[in-house]
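The following pair of complexes shares a single chain, subunit A, combined with subunit B in the former and subunit C in the latter.
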Partner chain A sequence: MMLQMQGLAGPDRPAATAWPLSRRIGLGLLALLAAFALLGPLLVDADPARQDLSASLAPIGSDFLLGADHYGRSLLARLAHGARLSFGMALLTMLSAAVPGLLLGVLAAWRGGVAERALVALSDIVLALPGLLLVLILLAFAPGHFLPLYLGLSLALWVEFFRVARTTTARLLVEPRIEAARLLGFGTPYILRHQVLPEIAPLLLTLAAFAMGTAILAISTLSAISVGLQPPTPELGSMIVELLPYYAEAPLAVLMPGLLIFLLVLGLQLTARGGTVR
Partner chain B sequence: MTAALHIEDLTIRTGDRVLVSGFSAAVGRGAPLTLLGESGSGKSLVAQAIMGTLPPGVAAQGRILLDGTDLLRLGPAARRALWGRRIGLLPQEPWTALDPTMRAEGQLAEVHRYVHGRRDAGRAAAAGLGEVGLADAARHYPFQMSGGMCQRLALAVAHAAGTPLLLADEPSKGLDGALRADLVARLRREVEAGRLLLTITHDVGLARALGGTACVMLDGRAVESGPTARLLDAPAHAYTRALIAADPAAWPARPPGEPGPPVIAGTGLSKAFGRRRLFADLTVEIRAGEILALAGPSGSGKTTLGNILVGTERPDRGAVRRAPGAAPVRFQKLYQDPPAAFVPHQTMGQALDHLARRHALDPARIAHLLARLKLPANLRKQRPGELSGGELQRFALARVLLLDPVFLFADEATSRLDPLNQREVAEILREASARDGLAVLFVTHDADLAGKIADRSIALR
Partner chain C sequence: MTRLLLGRLIQAVLVALVVGGLCFALVRVLPGDAAFRIAADRYGPDALTGQAAEAVRRELGLDRPWPELLLRWFGDLAQGRLGNSLVSGEPVSEELAGQLGPSLWLAACALALSLLIGLPLGLASGLRAGSGLDRLALVGAVALRALPPFVLGLVLMLVFSIRLEWLPPAGYGTWREMALPSLTLALGLAAVSSRVARDAVAEVGATAYYRFARLKGLPAGAVVLRHGLRNAGIPVVTYLGLQAVYLIEGVVVVESLFAYPGIGHALVHAVIARDVPMVQGAALVMGLMFVLLNLGVDLLCRLLDPRLGAAR
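Up next is the complex of A and B:
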């Protein structure tokens, strides 16, 4: 990951490659999924938790547009809510990893000295722990709750933002144009706003997409092994596990949450790829 | 004369734009060809067409015959197979062409080992390094070597490859007098060994020293060609005359002026990087309206001394005294590599607007200064990457002159410009110094330039 980041930080990246086909497809896919996640719960009137045991495992196209699960809950409603939950949590996790990561990275490169060494040491410590392990440690305090899951993921993900922001800023700070701007009388806020941020932003966009993909997969994985969010929360990972015993009767019901996770992560990866592949 | 490289009616275009049109030339054994011209004249495209490294979207038509084979008819794979075996390139910036992760001896040894399949590659490499005076640097990586050393290593590699055709792209760029003479001698030796040499340069002095035939290019056309000595002594085309006149050796001398009070003075300055001492107990004073040339071999601390005076670096010992009452922004610097001093995504207009807002500058004055520096208003919409080095350096000058500087540190500010642009930038500096009393520290390795532009010179080590 770090190598990839440094490679695309080259000075002469042509502007034309900022929106290649893969990024446009990725963003389009994300827009569709976001519309489903945001509008779905509003348009579909069904409560994702309302059970109708007479409609257990109803097929697609009956009373329920996408069928129902073993408790007769509308799969369309559950999928829309699940997508919103995954999307929202991933976005929140990414933001609370990206903002401190970016600020601390720029700060470390700018101040140097003890502050930089302390922050680098801290990030190395976090990096040495497997991300999921960190989340599991925090989840042990309050299993099934949203807060430790979110905190753990953010704590694991900020390191990448920090490292990219720090190395990019450090590389920029030694360039003549920063020295020239200082000599011409421009202050630190101007240099950060007009010279450092525009250079880091495209890298952060790529990283942000990767981080959201990681968060979505982590949330689903942890919920699937019953340490993340607990039923009856309509979470995509736990939906797969809940429906797995009924695979023989309703294979599509099992596959749909998985397909949704796949599309979400695919959209994010394609968006991220746009920045790395020339 | 039996020419072994024939270029016939070469036309290079991208889309509808013709970059090089109807170019014909020949290189024979013992008769090197030199393409002269300013940046953007299409001379590098000719070399790229011969190599087969034209950027995507740029196409070449015509014929390039190397010993009877038309290179333009060959496929990409066949052309790549010629590299290092039939065609060698001495690149413009050798340190970017060398492998940064490989020591000097390794870079040379791999040519012997893989191109020539020699078992004693290590010994051959050691001999080759000794021959270019790099025996002590055999274990160095490119970043541990100076520009001149990298250039000699690249030459040793090109020599070892022993290709029948050698292309040299701006080989004298950034080299000081002694290194340049050494380069000429080495290139002459390649010619005498029977290799075809095609040199691309804007250095009239280099063309003269290499001899053979020369061809002057302007806007993608050959405007004049012939034996080098005759062409340079009796130029027929106005552009050739301008190019020759722009050579610092041909400039009129600077009229002696009366320098004013001291603007900046460093006393007892010492600086060392680790164990390497750059200078010790150095005292330098520059007066208003005076241009001081600072010469010295690469790595002698010229830039560091200038940085200390302008205030971006601190001396280990000693003090810098500035003229009382002058604001810090009136001490400015011009950079060697113009694009590096500009923000790549900002248009020139934005950069000037931000500066105007920061210092409450009068827009009319900016427009007037840009006109004086021959910078048309439509350049304001362009980004730094779309401007030539000369235009950018004039923008850098405009940016600096807007702040009414009292002292300017010009760090090899003209060394990457072609002669016509170099002359223009130097003229502006001379004018600002004579008219506004600007004190200039002009770092250069070109003795002719230093002699013509400066009131006095000092040399480090």
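Up next is the complex of A and C:
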């Protein structure tokens, strides 16, 4: 009964602060881009790898809706596949950073002792180097392959989830309501699910969007400096570098993949920033 | 103070352990047999036999179990023996010594330029929070932060080297080659530091001590200088610590983009060529640069805000 009273009297967050304008714009932008990334490859029948050398650098609006690149490959198809690749890889790395990060963070705060110190030491080891350097060294194991890129990015990104989950849980555990819940005989899983998780959940969207933005930037940057995914793959960063020599003939073809990366990251950052736009 | 130094020392050791450990693993998984390679190097490919390779293996102890080899690897690292580059054959330390200067210059120029752009802009928008200038600076900062450094660098290159033909797109030597790479990094850094400075100035401007300084009759300029800047400087400098990640990563990317002869460029090339000693050396130096940058920020914070030191 007391707990219920406290819950009622507790500070009710108005819906407006959780969904400020920038977050709504960001999510709207992301929805549009996700539609392009998911529906594009289905609706546009063109194969992003099919070459038509007679249509090399075809302008916008000819046989190709957004023109063609130097091999006469449909840019619309390549952009849609590139967006899907960036989105998909960012989502995958984010998930494989978030799930262990959150679980280990809660575990560290809950158990304390050796487990916590070992996990904190592990996160310190990852943070000692800038993330991109870590990914670069891992890429030397298999240049141009997906696996080291994915592992390196997940390894660099899990720390943020871990730290937030650990500090939030540690702060909650000393609150009287957790003690009360324990005295009332609720088990650990119940307390975690009903007391700890609801406190971490509102931070998740921010953390996830931020991690995905970082991943998209890193993936495109690494392909652009030719250590990431290799050219035949329709990857946005490598598309820019591939098309750069033809800038004089087809400036838009170079700028479009760059614009797509910009919009993706902008949408994610606006979503991540939420209420604190600076 | 000792605690601060000790923390950064531990970080430096961690950098060496991570880089060294990963590169050791890299040598072990790469195809090819190290003993055969060294024997071919020593006796020439014609004299290369299985026996010669076995002799080298025994002599250098390459047949020992891997934990022992790892210890030896770290021992070499601790004594600063980085080995020879597999591509050029030159000692890694000599190559790095030649590349360190350009990289440090680039980082220093970028940092100085970012403060020259970011601080006045942040100050101006903070003193007039909510004005048109403030909003414009916000839009610019949000847009710049969403642009990857390599795209920003390419756009600058297309505008200033190809369209206007003012500055060279690559090379090293004079300020002209330095301008575009450092501007690329500086704009990305200033996008954050200008907003941090703006918030700090706006916050200080709303405090009682700031209003009192105005009320007691100090001229506006003196108030900004004596009471505004120093207090607003603390969060800006603290944020520089977080920006160190962006700076180091940016140096790697921007050097590769502008064909700038620095350590980041060497690192990327070594990764492509799988030149392990060079990867190790370059990553180590970049990592240690990161640690030193953090240490510098720590010390600067202590200087600006003596309360940090007194609290301990």
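FYI, the second predicted complex is superposed on the first by the 258 of 278 C-alpha atoms of A that agree within 3 Å, B and C clash if a C-alpha of one lies under 4 Å from a C-alpha of the other, contacts with A are read in each partner's own complex, and residues count from 1 in each chain.
As a convention for this text, contacts are C-beta pairs under 8 Å (C-beta built on N, C-alpha and C of every residue); 3 or more make two chains touch, one makes a residue touch a chain.
Predicted, not measured: the structure shown is a model, and the values here were computed from it.
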| item | value |
| --- | --- |
| Fit or clash - subunit C, subunit B, common subunit A | fit |
| Touched partner set for A:L217, first subunit B, second subunit C, both or neither | second |
| Which superposed partner A:A208 touches (first subunit B, second subunit C, both, neither) | neither |
| After the two structures are overlaid on chain A, angle v-u-w for subunit B, subunit A, subunit C in degrees (C-alpha centres, nearest 10) | 90 |
| Touched partner set for A:L270, first subunit B, second subunit C, both or neither | second |
| Contacts of A:V164 with subunit B and subunit C, given as first, second, both or neither | neither |
| Which superposed partner A:I240 touches (first subunit B, second subunit C, both, neither) | second |
| Which of subunit B and subunit C A:L129 touches, first, second, both or neither | second |
| Subunit B or subunit C, by number of subunit A residues touched | C |
| First (subunit B), second (subunit C), both or neither touched by A:E179 | first |
| After superposition on chain A, the shortest CA separation from subunit B to subunit C (Å) | 6 |
| Shared subunit A surface residues [contacts with subunit B and with subunit C] | none |
| Of subunit B, residues touching subunit A in the complex | 310, 312, 328-329, 331-333, 335, 337, 340-346, 354-355, 358-359, 385, 396, 399-400, 403 |
| Subunit C residues touching subunit A - in the complex, by the definition given at the top | 11, 14-15, 17-19, 22-23, 25-26, 29, 138, 141-143, 145-151, 154-155, 158, 162, 195-196, 198-199, 244-245, 248-249, 252-253, 256-257, 267-268, 270-272, 274, 276, 279, 283, 286-287, 290-291 |
| In the complex, subunit A residues that touch subunit B | 11-12, 15, 175-177, 179-186, 190, 194-195, 198 |
| Subunit C contact footprint on subunit A (complex, rising order) | 124-125, 128-134, 136-141, 143, 213, 217, 220-221, 224-227, 237, 240, 244, 247, 254, 258, 261-263, 265-266, 269-270, 277-278 |
